[in-house]
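There are two complexes below, and they share chain A, which is joined by chain B in the first and by chain C in the second.
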Partner chain A sequence: MMNEYLPVISSSINDTISSLAYFQSEVTLAVGFLLVILSDLFLSKRFSQLSFGLTIGIVLLVMVQSFTFLNVENTSLFGGMLIMNHLSILFKILFCLVSLLFVLFIRYNRSLLLHEKGTSDLYAILLAVHLGMNLMAMSANLLMVFMALEMVSLGSYLMVGYISGDQKQSEASMKYALFGAVCSAIMLYGISLLYGYTGSLYLNDPSFISGLNNIPPMALGLALTMVLIGVAFKLAVVPLHFWAPDVYEGAPTPVTAFLSTAPKIAGFALLIKFIVLIKALNHTFLDIKLIVASIAIASMVLGNFAAIWQNNTKRMLAYSSIGHTGFMFMALFVAPGQGYNALIFYMFIYVIMNMAAFLIVDEIEEQTGKQNLEDYRGLGRQFSVLMVCFVFVLVSLTGLPPTVGFTAKFLVFSTALDAYNSSGSLIILVMIILAAISTLVSLFYYFKIPLNAYLKESISSDVRISITAKAYLSMFLAFLLLLLLVFPSLIQQFL
Partner chain B sequence: MIPLSHFLMISASLFCIGLYAVLTKKNAIQILIGIEFMINAAVLNFVAFGKFDKVNGGGQLFALFAIVLAAAGVAVALAIILNVYKHFKTIDPSKINKLKD
Partner chain C sequence: MLSLLIFLPLIAALLILVLPSRFQQHYKYITLGVSVIQFVLSLFIYFKFNSSTFAAGIDKESQYQLLEKLPWIRLNLGNIGKLEIDYFLGIDGLSMPFLILSALVTFVATLASWEIKTKLKAYFSLFLLLNTAVIGVFCALDFFLFYIFYELMLLPLYFLIGIWGGIRREYAAIKFFLYTLFGSVFMLLVIIGLYFSVINPATGNHTFNMILMMDPANYADGSIFSAIADKNLFGISARLLAFIVLFVAFAIKVPIVPLHTWLPDAHVEAPTPISIILAGLLLKVGGYGMIRVCYSIFPDSAMLSAWWIGLIGVISIIYGALNALAQTDLKRLIAYSSVSHMGFVLLGIASSTTEGVSGAMLQMISHGGLSAMLFFLVGMIYERVQDREIANFSGLAEIMPQFTAFVIVAFFASLGLPGFSAFMAEAFTLIGAFTSEQVNGLIPRWMSLVASIGILLSAAYFLWTLQRMFFGQPRLKGAADWFSKLSDVNAREKLALIPLVALALALGIFPSLLFDKMNASVLAFVQLISG
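Up next is the complex of A and B:
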């Protein structure tokens, strides 16, 4: 028995060793995770900011390591478990950007900072989640897909429940953990069915695709739907969006900012893999285009219209992020062939503006304790500079000039129009029209904030406002949104 | 020799029982038990299908990983439920509704 495997062993060891060269950034994250935990245990008394510095250093190192592989060819690692290509590297750079902003956000958030547990564990969890997201972007095997997804999910549950200081926070974490566990259990069952149909776990194995082609469409549809439920939960799209507003409102604001960006983007990385797989099948029964299009339309319409009725700012931003996800679905739908340039560019901009919006909301909440839109009355005079930045960020979220949000939306719309002109498909036209309408609708709720801040009189007396590091960070991000309008090539040169 | 279809029927009914528990139970821990049912249904599937995949043993391996991940998930969820009990003095999800539209 053993002798049969001897030639296989040496070749698979060689494969593993040669794969390690491409696996640097993940090794850095894994080692960094341990280092942050150990430094917190043994050195936190003497150097209070050590884990913060370590985490920033590790994330920057991972960013540099990812950049060195920017123009990598399609490389299969660890016997086909992972596949690294240009697209997965772009996703990894996006994750680094989010992690970097999130670390700074944690560092300057007062409620996390003053909490007795400290923030070191949060940094450690972040690095583990980041590792999971990197694996999600590269995975080519169903086992890897599930493990990576669970790494991200478990870390996110812990982040939401990290403080659990009041009823709202603990409720948010419970809802998130229970919904998430149910969705991943359903996904696991779907994966087990796919494995049963094909006898293989490798997504781009020829026997996997030919096995799926021989399965009756009903059974295949059931299994694929179950798998996609797990992905759709991470993306928070209609019909699996209902947890998002509650969790976003209840979670600590930095965590909300993180959850509304990074796991979503990682979900897209996975979704792209499954859509490529489904397109490779020759079933006519399962119309994946129709499904993606209807999800895009439903998310855009529901997200943007529901946001109008919200009073809590974080809840409003949660619904708006559902709308943005729908918009990204449209970008995914119209992506020609293998090019996802418009989608990736939109994601970069979305990360910057979403993080900036939550930073400012958090800053206002910490200085004045105001969370609701109607309490923002008269804040324009108190937070003069910050409010101007907020207006720029909101203009960018709507997608109007003079901010780069306009460029991002414009790119998606022009790709969609190209797709419509070349295919003449009615559903793309419907999607474009509804996207335009929901962009218009988003004006109503985004502009409630400047309306309240500038045009209505404050009821309370003035609070003393100090400019903090968080305010400077959000000013920088708002400036970036203006700068990128003039120089979009700063991002586009990498796509 | 038990045929494959028996395993599949048991796992499908386990999955349905789990889903039923998740949808109807008024206790967060019972919901967690339902989730465990669903995960174990999938694990049973993996092991049953793995019998026909002797070369790679993918199914057996996946079953092991799924069990470990389920244990980790339950540990996190129980800690969170404990926190909820501290604040609400109940773990009935229908009574925990401070967050809503």
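Up next is the complex of A and C:
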């Protein structure tokens, strides 16, 4: 029995060893995860900020390590479980950016700092989630996909319920965990179906694709839909968005900021793989284009219109992030061939502006306790600089000059119109026009904030305002949004 | 040179932002200084301006003056090729006059800003930012850059109306913003469509260069806006649809009936200086955009739609004037008179004759000065007694004789008395519209006849207002209190009003001051659009 494996052992060991060289950043994350836990256990009394420093250092190291592989060719690792290429590296850099901002966000969030659990565990969870996302971006095997996705999900459940002080927060974490578990189960079932049909789990394996081509279309459609449900849950797109507003409102603000960026981006990394796979199939019945396009349209329209009626700022941002996901779906849908430049650029900008928006919302909440839009009355006078930054961030979220949000939106529209030009498909045109309309709608609700902050007089007495590190961070991000309009090449050179 | 003109206000705005608040009484002098420098620079440009036919501009890049061109964004978009966006500025005879107008109107608006008493730092930095955007729009020749400046105007205006405005300021500000954004979001789609259709023959890349977009030879085969391919969208020609979208975007700014409803609200709620900028400059951006963008890039569709555009112009003239007659608020009356007067611009452009286009250009410059003056005058009364209901005033001529003199000049100039700029402008526009039928057959004669009724109506509402408010027995709603408050024109106000009177008179008596400088460009423009 053992003997038949003997000849492959040496080659597979060699493969593993050579793969490790490409696997540096993930190893760093795994080691870092352990280090942070250990340091929290043994050294936290003496050095209170140790886990924070360690985490920052690790994330930065991972970023550097990812950058060294920036122009890597398509490389298959660990016997094809993972595939590393330029695109996955770009995603990894994006994750590092989000993690970095998230760590800083946690560090300066008072409700987390003052909580008896402390923040060290949160840093450890973050590193684990980060590892999961990196794997998501590289995975080329359905089992790997599921494992990575679960790693992210489990970490996210913990994050959402991290402090769960009141009922609302417990409800949010419960909802999230339950829906997440169900969606994962459905996905796993879909994966088992796919495996049953084809006998392979490797996404780019020729036998996998030919196997899929040979099964009845209904069965294939069912299995693929089940797998995609798992991804769509992470992305929070319509119709699997229902958990998002409650969870975003209930979770601690830094966690909301994180959840509405990083796992979404990781979900897109996965989705790209599936889209490539589906494009390789020769089925005609399954109009996947129509499905993706209708998801994009539904998310844009529902996200943006529902945001109008929100009163809680975090909830409004939650709906708007559904709208943004729809917009990114459109970018994905119209992306030409292998090029996702417009999408990646949009994601970079989305990370910056979304993080900045939540940072500012959190800062306002901590200093004044105000969570609702109508409470923002007269804040323009109290938080003069911060509110100006907020306006820039909101303008960028809307996608208007003079911020880079405009450039990002513009690039997506450009790709979309070009796709229409070369294909002439009506659905793209409809999508473009609806995207334009939802931009208009988004202005309406985003501008409720400056409307209240500047145009209405304050009702309450002035609260003493201090400028904290978080405020400086958000100012820096807002400044970045302006700077990148003039020098978009700062990001473009990497694409 | 143009960059200096554009970014000087921005630098001043940054200066104001970093200056501590204890200098806030000096902010207005900084702003005033900027506008004076701009005015001197633009006069310099005016006198140095080459008006020969070899410097006509329009569709020939080499003929533009004060060109500045730097590569800006170069993003590789995969299959589509490289994104080519330039920082590209230049002026010709159709944009140069607006530079002078911008500087002058900004100067007057700054003087009107003396009445602003709160949040000076924010006010003046937004004001200067707006100034940057407006001048940028008139200079930009790259469509992407044009759009950025175009959108940049919205933000400061939103806050300027929303924070320093009247009682219903929130409503007015968001209405204005949404209206304009509605037009410009779809304009963006057309811009991108144009980008993919047009190829820079020098580099082989797609381009945002507006001048290259004017030459049908630069359109790629089979591209969406190619005149030869003549593609359809939703059953109508793509070029016609694009023209309509762009036209609507600019028409909202002009504004035309029925897209004008934001204007009275915005004007009434805006503080005086912002009303001055709105009427004096922003409406002109709409007219300028039509000439520079809609007509120059889609002349074929423009010819097809000429009848409708002329009709819209005539309707705006009559409807605006009738509305003005019915107003009881002086500022609202003037806002509607703007709608009416801007209708002439549309009619002149629609006629596509040399006289008509020259008249439209002159009307824009003339109305820029006159509407600034009218709003300044209304602002003076409002500043003194916080009221501007026509019925609450009577016999002002005895209380404020100098003020009344200025009002009479402004009213008579606006209603088209010979000797003032508006007469020349409206006369040329009507001549253009009248001859159009035999020159190019675009506009029927009855339109110019109906439009001239608009002049009669404007005489009616201006003279009636004059009679109600300024003549007769002095009788004020606020009685003795108002008598003491209504002091006559002071030195600062004279400083603002006299240049405007001078402009109206100069252009009325020597319209060649303007015509000579832009004639070559107008001829080239008419040549371009009538193919």
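Just so we're on the same page, the second predicted complex is superposed on the first by the 495 of 495 C-alpha atoms of A that agree within 3 Å, B and C clash if a C-alpha of one lies under 4 Å from a C-alpha of the other, contacts with A are read in each partner's own complex, and residues count from 1 in each chain.
To be clear about the criterion, contacts are C-beta pairs under 8 Å (C-beta built on N, C-alpha and C of every residue); 3 or more make two chains touch, one makes a residue touch a chain.
Quick caveat, the model's predicted, so the values are computed rather than measured.
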{"item": "Touching partner for A:429 - first (chain B), second (chain C), both, neither", "value": "second"}
{"item": "Partner chain(s) touched by A:171 [first = chain B, second = chain C, both, neither]", "value": "first"}
{"item": "Touching partner for A:150 - first (chain B), second (chain C), both, neither", "value": "first"}
{"item": "First (chain B), second (chain C), both or neither touched by A:369", "value": "neither"}
{"item": "Contact set on chain A toward chain B in their complex", "value": "142-143, 146-147, 150, 153-154, 157-158, 161, 164, 166-168, 170-175, 177-178, 181-182, 184-186, 188-189, 191-193, 195-196, 199-201, 245-246, 249-250, 306, 309-310, 315"}
{"item": "Contact footprint of chain A on chain C as seen in their complex", "value": "73-80, 83, 144, 147-149, 151-152, 154-155, 158-159, 162-163, 169-170, 173-174, 177-178, 181-182, 185-186, 188-189, 192-193, 195-196, 223-224, 233"}
{"item": "Parts of chain A lying in touch with chain C, wherever the complex brings them together", "value": "335-339, 341-342, 345, 395, 400-402, 406-407, 410-411, 413-415, 417-418, 421, 429, 432-433, 436-437, 439-440, 443-444, 447, 450-451, 454-456, 488-489, 492, 495"}
{"item": "Interfacial residue positions of chain B with respect to chain A in the complex", "value": "8, 11, 15, 18, 22, 28, 31-32, 35, 38-39, 41-43, 45-46, 48-49, 52-53, 56, 58-59, 61-62, 65-66, 69, 72-73, 76-77, 79-81, 83-84, 86-88, 93, 96-101"}
